[in-house]
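Each of the next two complexes has chain A plus one other chain: chain B in the first, chain C in the second.
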Partner chain A sequence: MENISIPNKKNKIPLLEVKQLSLSFPQYKKGFEESYIQVIRDFELTIYPGEIVAVVGSSGSGKSLLADSILGILPENAAINGTLLFKGVALTKNRQEQLRGKAISLIPQSVKALDPLMKTGRQVQGIIRDKKDKKRIQEEAFLKLGLAPGTGDKYPHELSGGMARRVLIASAMVSEAQLIIADEPTPGLDELAWEETLSNLKQLSEGNRGIMFITHDIQAALKIADKIAVFYAGETLEIANKEDFSGKGEVLRHPYTKALWLALPENDFKVLKGNQPESEDVFPGCVFEPRCPIATGLCKTNKPDSTMINNGITRCFYA
Partner chain B sequence: MLKINNISYKYHSDHWIFDSIQLNVNPGEVVGIYGPSGVGKSTFAKVIAGYLKPDRGSIIVNGKVSPQIGRNPVQLIGQHPEKAINPHWRMKQVLAESGEYSDGFLSELGISKEWMHRFPSQLSGGELQRFCLARAIAPETSYLIADEMTTMLDAITQAQIWQTVLLLVERRQLGMLVISHELPLLKQISNRILNFEELARAI
Partner chain C sequence: MGLLVAISIFSFILISNSPVDPVQSYIGAEISRISPEQRTNIEEYWGLHRSKPEQYFLWSKAVFQGNLGESLIYRKPVTDIIWERFSASILLMGIAWVLSGVFGLILGILAGMNEGSILDRIIKSYSFILASTPAFWFGLLVLMVFAAWLNWFPVGLAAPAGSLRGEVSLADTFKHLFLPVLTLSIGGVASIALHTREKMIEVLSSEFIRFARAKGLSGMRLFWRHGLRNISLPAISLHFASFGELFGGAVLTEQVFSYPGLGQAVVRAGLGGDIPLLLGITLFSVVFIFVGNFMADLLYVVIDPRMKTKQAHD
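Take a look at the complex of A and B:
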């Protein structure tokens, strides 16, 4: 797996390194017959300090489970395998518990994560280590994110969706987190709020924080991410650079990434037939083979390894 | 024709959400409505679909004042299919509540037969949204209102769903109002695009 480190950063230690991560859940079909369904397979991702890496995938592809795996908040019955390293040291269950909410922090998908009975300012202050300067630090963070003075004295229900989202981002900003996982922070926002949320996330990455940006919105990913990991049916099919998404997607390496790019209404609005496979479907070959326009017999029977092509990574025999 | 006749609506007595909106939608026509959050687009959609009663003005569907008794020919599809479907019912039951559907129609919408025995929690957002579409497109339906119908979906699923919908619009000559933040999407699918704030202002 030597080939997956990005060359120009070879001497830096990555903040987060995920290798060959797989995740499965036991399932009971017909009585007590137990079988495992695999929801994540061979996932790989590296995030360096100061970097934003987007994980782009459709709903039901297992994106949020990735976040849970890194934070160590999976359900009891989940079976997890593979390597998780934070700053070069293994992320064990104990270490996850120690780091969670401190060095590793989550910006949750839903603004419902805010305590409805506590003023937002106090919620954010609760995270700040420096007990003497809590109020000032919180107010500065709110100001930086464009929240009007006095927002801290309001309850979550008094804020609009976009403002509540910014309070969540402020919590990450005032924390000592080095790695922030943002889980779908943009859906349902209008253009203005969308732009603002993205620039707020970008602000967070300044000061050497690493950000894992989980989203289904390619445009959002392209706007702020340095690298984009394309996630499909529990696998990373490609890790591309932002510049690769241009024109008709000629530079993109994987046929799924190309299809995703061409399906955007800004591009061709082109339809790819078929549905994402079910998690109980097992593929001896490539997961994308059933829908792939260029698949051959080889793709049906053999699983492509991840290979480095043109400063990105892909899993396709024909890239 | 769907005639929206100077409708006005307010939640509180002192503030109009919108005032005197006038708009006609023809059969087979897709009208895009664009605007930022919080200007009343979704309230507008609910009023036209009959979920809320306008304080002033009327909605005329094919010459009759809406709503009439029976199934409303104007159907609304929202942003969150998981909130529009009974979580305790299997998908088969969800569809049965709304009518009978031919296999051909369901496969055209991309609904797989295997999904019928599942619960909503076992399907993805895009898959559920197809069921919401199937429910909304009954024989009586002549107008569809899509309020951020594909906002939660990835680009491929979005394109798939719209291709199907546009085919049905064409074939059944449905009229459509599409509410979205996404101008590029509206440009792809609409015959004309209106800015909601201008629409609500122009009298």
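Take a look at the complex of A and C:
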């Protein structure tokens, strides 16, 4: 697996390295027959400081669980396998506990992530380590994000969707996080708030922070991300550079990524038939085989490995 | 206020149509000794020959002036009796109320935190059984076990029989209170525990707890900062709104334990045809229950900021 890293950054230690991560939950079918459902399989991702890596996948592909695995806040019955490295050192349960909220920070999806009974300012202040200056630091962060003075004295239900989003971003801003995991920060926003949120995320990455941007919105991903990991049925099908998304998608490596790109309104607006498989379905071969336009008998029986092609990674026999 | 008027009219109609003959309950067993003329005189003196609305008006005017009349059984002003009985009852109800709230909350939190575990199942079944247990039956059971068999606590009353006021020690008061309080609080525990358990499970799976954990909070710090306030909401509104049940429970409990409180007085007033006392206590209990509900509303606004803005919009 060592060969899979972006060559031009080889001299740097990656902020986050995820190798062959898999995650499953026990499930009780009829009676006491126990089985596991795999929600994430062989997931690979590398994030360098100052880089924004988008993880793009449709809903139900297990993206939020990915965030939880890195933070170490999975439910107790989750079974996790694979390697997680933070700055080259293994992320053990203990280390996750020490780092989360400090070196690794989460930007959650919605206003629901704020405690409904606590003023927003206080909720953000709770993260700040510097106990004497926390009010000033919080107010500065709010100001920087364009929140009116006095927003900190409001309760979450008094904020609009866009304001709440900015409060959540502020909580990542005031933390000393080097790695920020933004879990679907854009849905439900109007055009303006959408643009703002994205530029705020971009702003966050400028302080040499690494950002893992989990989203189903490929346009948002293309706008700010340096690399895009395409997540499908719990697997990484491709990790492409932003520049690869151009023209008719000739440079893209995986048929699914190509289909995603062509489905955009400004391209062909062509929608791929079928649905993403449920996590209970088990495939001996490639997960995308049932919907793939170029699939062969080999894809049905054998699972393609991740291979490095043209400065990106893909999991396809015919790339 | 409107509520009070409505309740007073309603209970007045009920009582005036009841078979209770006020003159007979006033005179008591001597009724056969008085002549029909004397009887008419008494009726006239009380205004019983007037129309019902007129009677109600006279009565409510007196009530408004703070005069609830004189109890026929105790031969004392009703206000004095209510006051005296209530101070005994409030001790019983107050302690039972606080205990059931605290224990209900603790049990609910424990069960909710360990959803599906054996502890959760024990607390849940315990609550279901208790919630469906009538207070008077439980009271009798407690009496049998702790007073009759084990002899740990007295069978009834608020103080040792034959002792004078002022001679009663704190230990005696406590000993006499123990079983009634236990009986009265046990029912409240169940509903608080079950509601708190539900809320705890809901809060634990909420987005803001996930985010709080992602921010590095865990254990007791997480619970104090984001848990307790959120899960205590249903418990608080339920507990203050349960003043009515508390009062109803006290009536039964006091009866079982012959505890000289308001509940016992209301039963005696009803059975003895003591109309002024019965009406007086009815009105008093309405005020009492209203205060409970009102406090629940007030506290809810203090704790939950979402209620405040809603009211402002209305």
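Simple rule for what comes next: the second predicted complex is superposed on the first by the 319 of 319 C-alpha atoms of A that agree within 3 Å, B and C clash if a C-alpha of one lies under 4 Å from a C-alpha of the other, contacts with A are read in each partner's own complex, and residues count from 1 in each chain.
By definition in this document, a residue touches a chain if its C-beta (ideal position, glycine included) is under 8 Å from a C-beta of that chain, and two chains touch if they have at least 3 such contacts.
Keep in mind the model is a prediction, meaning the values are calculated, not measured.
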Which of chain B and chain C A:192 touches, first, second, both or neither: first
Touched partner set for A:162, first chain B, second chain C, both or neither: first
Touched partner set for A:26, first chain B, second chain C, both or neither: neither
Touched partner set for A:260, first chain B, second chain C, both or neither: first
A:207 touches, of chain B and chain C: first, second, both or neither? neither
Which of chain B and chain C A:58 touches, first, second, both or neither: first
Where chain A meets both chain C and chain B, residue numbers: none
Residues on chain A engaged by chain C in the complex (per definition of touch): 67-68, 71, 73, 97, 100-102, 105-106, 108-110, 112-118, 126-127, 155, 157-158, 171, 175
Contacting residues of chain C [partner chain A, same complex]: 206-208, 210-218, 225-226, 229-230, 303-306, 309
Chain B-facing residues of chain A, complex: 56-60, 160-162, 187-194, 216, 218, 259-261, 263-266, 269-273, 275-276
Chain A-facing residues of chain B, complex: 35-38, 79, 110, 112, 123-127, 148, 151-160, 162-163, 181-185, 187-189
